[in-house]
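Below are two complexes that have chain A in common, paired first with chain B and then with chain C.
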Partner chain A sequence: MTDTATRMRRIRIVLSSMWRQPAGKYSLTVLGLWIAVSLVSLCWTPYDLMETDGYHVWQAPSASHWLGTDGTGADVFSWLMAGSRTDLVIVVLTVLFSAALGLLLVAAMVSRSGALAHGSVVAIDALISIPTVLIALMLAVPMGASVAVIVLACGFGYGLNLARVARPQALLAANSMYVESARANGASAPRVFLTHVVPNIMPVVVVQCSLSAGTAVLAESGLTYLGVGVPSGVPSWGHSLATSVKFININPQTVLWPGLLVTLMVVALNLFGDALRDAMDPLANPQLRRA
Partner chain B sequence: MRYLLRRLALFVVALLVISLVVFLALRVLPGDIATIMAGLNASPERVAALRDQLGLDRPLSEQYGSWIAGLLHGDLGTTMLTGQSVAAVVATRARITFPLIILGLLVALAIGIPLGCAAVLARKARTRAFFQVLAVIGGAVPALWGGLLLILLFAKGSGILPILPATGFPRTGWHTPGQALLALVLPALTVGIIVGASIMRYTRSALQSVASTGTIEMAMACGMTRTDAVLRVGLRLAMPQLVSVVGLTFAEMVTGVMVIENLFALPGIGSGLVDDLGHRDLVAVQGELFLLAAFFLVIGLLVDLTHRALDPRLGANDD
Partner chain C sequence: MAVVTDRLGIAIAGRQIVKDVHLEIHDGQRVGLIGSSGSGKSMIARAMMGLLPPGTDVSGTIDLNGEQVVGMRDADLAALRGAAVGMVFQNPGISLNPLLTVGQQIALPLRLHYALSREELGQRVRAMMTRAGLPEELIDRRPHQLSGGQQQRVGIACALVASPRLIIADEPTTALDSLTQRQIVDLLVSLVDEAGASMLFITHDFSVLAHATQYCYVLDAGRIVEHGATAALLESPASETGERLVMAAQQLTLHRGKGDDDGRA
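After this line comes the complex of A and B, so read on.
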């Protein structure tokens, strides 16, 4: 039985063992900062986002505008700060969607109905070769530029991926003696899936989710540049990156910052998955077995 | 044989499903397609004419049927702006996209496979960590930014080391092959470096999964050096996996290079599709989306079959 106190203790153990690894320390720090900046940006940014200043357009970085100003005289640093909350929302929604879809597909693949199990494997094999970008464009036709396009496309692509990668482990668990004995004791199919199959595929789920999060940030920057991602006027890192393209002949060094920011964040997201998987694994982390 | 039949049946079903998805994606648009396509300032007569031309008054099933019938005859429709056939437009764009992704893939393989092998061969923890960092960062760079950095470094006009043009594809196209090829170098390098990082990761994990079966130790026990064992035994055993990855990567690059095409002003397949979407040329968009999806499904099929042919162990599990 896991009560709240045990659960809290486990979370503390996982976090502290992540913190002991350089990759974990980096990703925890960066993701923590990200969340903090997103929250701060809700009530404060150095300049108002809509504040335009026709006398100070395309300014180089200075003490008053840390990363310079864009073509309307708006402060680039403020836009990047505000963009972090949009990307955070995209990442959270993408992870939730891809995990939900992936787990549903895994449940179908290990179900005892042969048609369902077979059909889902076949469907995944057929659809997995269609890239995320193409799905995004298909969705963008009826939906236009929106956050939902990015979330659905990345979530769909990585949901399929997750199901495919997790299948062997899930099958192993589903065909095990303990599942058989659980069934003999009258456990329902959802209960068997949640208490016996899901914990076995958790490492794969964690890694795939962190990859889908990283892809979502990258897809956001690409799709927004192409005009089918985040709608114009909404702050996002992709928006800042796309704006910086116009800077390139005016203040070349300004181009560096938005892209560097995206790169650092995607690195943090990808490392976070690996670090969390290692810290959560009771085989690799002896402290967890004692808790 | 049974596998082949099942896989082919699956391919046909997937193709049908995709055609339905593409078809419906355009039909569930809020508002009238003809109004959207005609633009804001179109007269009602123009809208009516367009609706008639597209057959929008007919029932959905009939529209779908005639579209599919057209597809089977190789007719993808005509673009609204120029009146050319969609197939011809895509063929013109493919002449830029395919050279670009082939060049990019060559760069990626030249970077990724040696680095992946080196990452496995590295003995010191520090060297291994270095390769790890390289792979993680390479996979996290947004394509747009990678392109911008290379422009800052090498582009004529604005670069630190101005040796390569970044001014778009020459108007004369492939009639001036030297110029055309030179215009592709910088974009291909951008694509190659980013894709190279993922090829490197795949190479490393494929080699590691081969090593985990003990074959590399076996080869070393038979007297090979570690380097020899990894490069001659490991790489050969990892080949089926790598061929699959390269095949799928190749397909994915067709749309993956969209941002790069746009940045370097290359009128390729991906950037063209985005343009058509921007012009609300929905007939062209529908045709292109279907064509691309079909292309991905074909590549997926070919990759699966090749993988089986290269790795007979997979066939042994068939029921």
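After this line comes the complex of A and C, so read on.
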């Protein structure tokens, strides 16, 4: 029987398989650093975020300010450090919300009730045509600029997308003989879905979640720039971009750092999904087959 | 478990697949249902389990020990499946979840119907594996790491682990070689008899049926055309379909080797 030790062994095999691939190595390193920096920023940043110095604005990188200062003289590195945790929270919440919504919709689409299955397909096709930005703008009317607007808008859009992409694989699993066999053993519809359908569509879900995570980082920057994302005063990479982009002609490097970070993270998240999918596939990973 | 189907009819999208079927299985009896491909055998089996595809019209009655299956609620059917009625499927390679280990597959009916501790669950699974002729070291293997015969043994173990009173074996040997077919039939018969359960054995092969059942029904185009003791029916089939099936079994030397000690096939 698979016990905790076996599960841990399988996790170790997946991680070591990812580490053997260049893409996996890059993504694990970058994402590991991101999480570490976010945690450190909870108790330490080189400078207080509210600390400004009018005599040292637009400073170039130096020993005292590793990434220079912005137009108020605040330390750019400290703001990016603190911003990393906001972006991390947004990514985690968006992925969780989109995965939960997406799987709920997949369950409806593969249900044995014809009306529910057909109705949910039509509803998803209609709702998916609404742009995420429009949803965010509509949510911002009652909620104002907030992290919740980004999470709800992105999670909703990405959840619909996940459901549509995962549907063919889920239908294959739902109509398979092993699901029939599980039903013959007395498994209820929710149990069949959670125990037999979901694990068999995980490769698709993992890739979609990693794409959603990468897009959530981009969306945070875009929505914050539009004024409906992270509220003013809360550090985030999007906030750093939005405040510095106006001064790109005066000091381009303050745009460079948050822009570079966003790019590195989006690439890392996308590669993470691909590497994780390959490492989790028992057909592609012989070590996992034997575990 | 005693089973009686009366005037059973099954229609899919307006097309009548099974018509007016009356079938009886007495407590502890092994009954065969034979017919050519597409005659509606599997549909009758699925109707007994309440596993027909959505949109199927079922008429008549299916009585399982006094409980009426036709029109039964999903929750009641789920309680019946696995615990009271077990099913062995045709192709073990695709009827086992590729991601679950042998132990997890066999434990599934127990988890669904009984509140057992982890230790009890492990003991019951290991005991069932032994009875099904599966070495204990296979417990953490996945289906693709097993041979066809081993996969079917796992399927049989899954069907029998929760001690159901009726086993429905839907062509359990079709996907196997002739030697493994014999082993699987022998195993199934011995386990069913040992448990004192009833069995409905579905096949299109009389030579397999001869070993597995005491009584059998011949199905043709959705209707029962003949029924009687299996040995008598093999000797002198009364219907044209029965005669064709018996002749086919006799001509197929594949199943008729010297190993068939009773010489009926």
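Criterion: the second predicted complex is superposed on the first by the 286 of 291 C-alpha atoms of A that agree within 3 Å, B and C clash if a C-alpha of one lies under 4 Å from a C-alpha of the other, contacts with A are read in each partner's own complex, and residues count from 1 in each chain.
The rule we apply is simple: a residue touches a chain if its C-beta (ideal position, glycine included) is under 8 Å from a C-beta of that chain, and two chains touch if they have at least 3 such contacts.
Just so we're clear, the structure is a prediction, and the values are computed from it rather than from any experiment.
When both complexes are overlaid on chain A, the residue A:196 reaches chain C alone and has no touch with chain B.
Looking at the shared chain after the overlay, A:252 reaches chain B, while chain C stays out of its contact range. Looking at the shared chain after the overlay, A:168 reaches neither chain B nor chain C.
Look at A:134: by the touch rule set out above, it reaches chain B but stays clear of chain C.
Of the two partner chains, chain C is the only one that A:114 touches; chain B does not reach it.
Comparing chain B with chain C, more residues of chain A are touched by B. By the touch criterion defined above, A:218 reaches chain B but does not reach chain C. Of the two partner chains, chain C is the only one touched by A:188; chain B is not. Of the two partner chains placed by superposition, only chain C is touched by A:178; chain B is not. Residues 122, 125-131, 133-134, 137-142, 214, 218, 221-222, 225-228, 241-242, 244-245, 248-249, 252, 255-256, 258-260, 262-264, 266-267, 270-271 of chain A are the ones that touch chain B when the two sit in their complex. Per the touch definition, chain A reaches chain C in the complex via residues 1-2, 6, 112-114, 176-178, 180-189, 191, 196, 199-200, 282, 289. The residues of chain B lying in touch with chain A in their complex are 6, 10-11, 13-14, 18, 21-22, 25-26, 28-30, 136-137, 139-146, 148-149, 151-152, 158, 248, 251-252, 255-256, 258-259, 262-263, 270-271, 273-274, 277-278, 282, 285, 289, 292-293, 296-297, 299-300, 303-304. Chain C contributes residues 49, 51, 54-55, 74-75, 78-83, 86-87, 89, 91, 94-99, 101, 103-104, 107-109, 112-113, 121-122, 125, 139-140, 142, 144-145, 155, 158-159, 162 to its touches with chain A in the complex.
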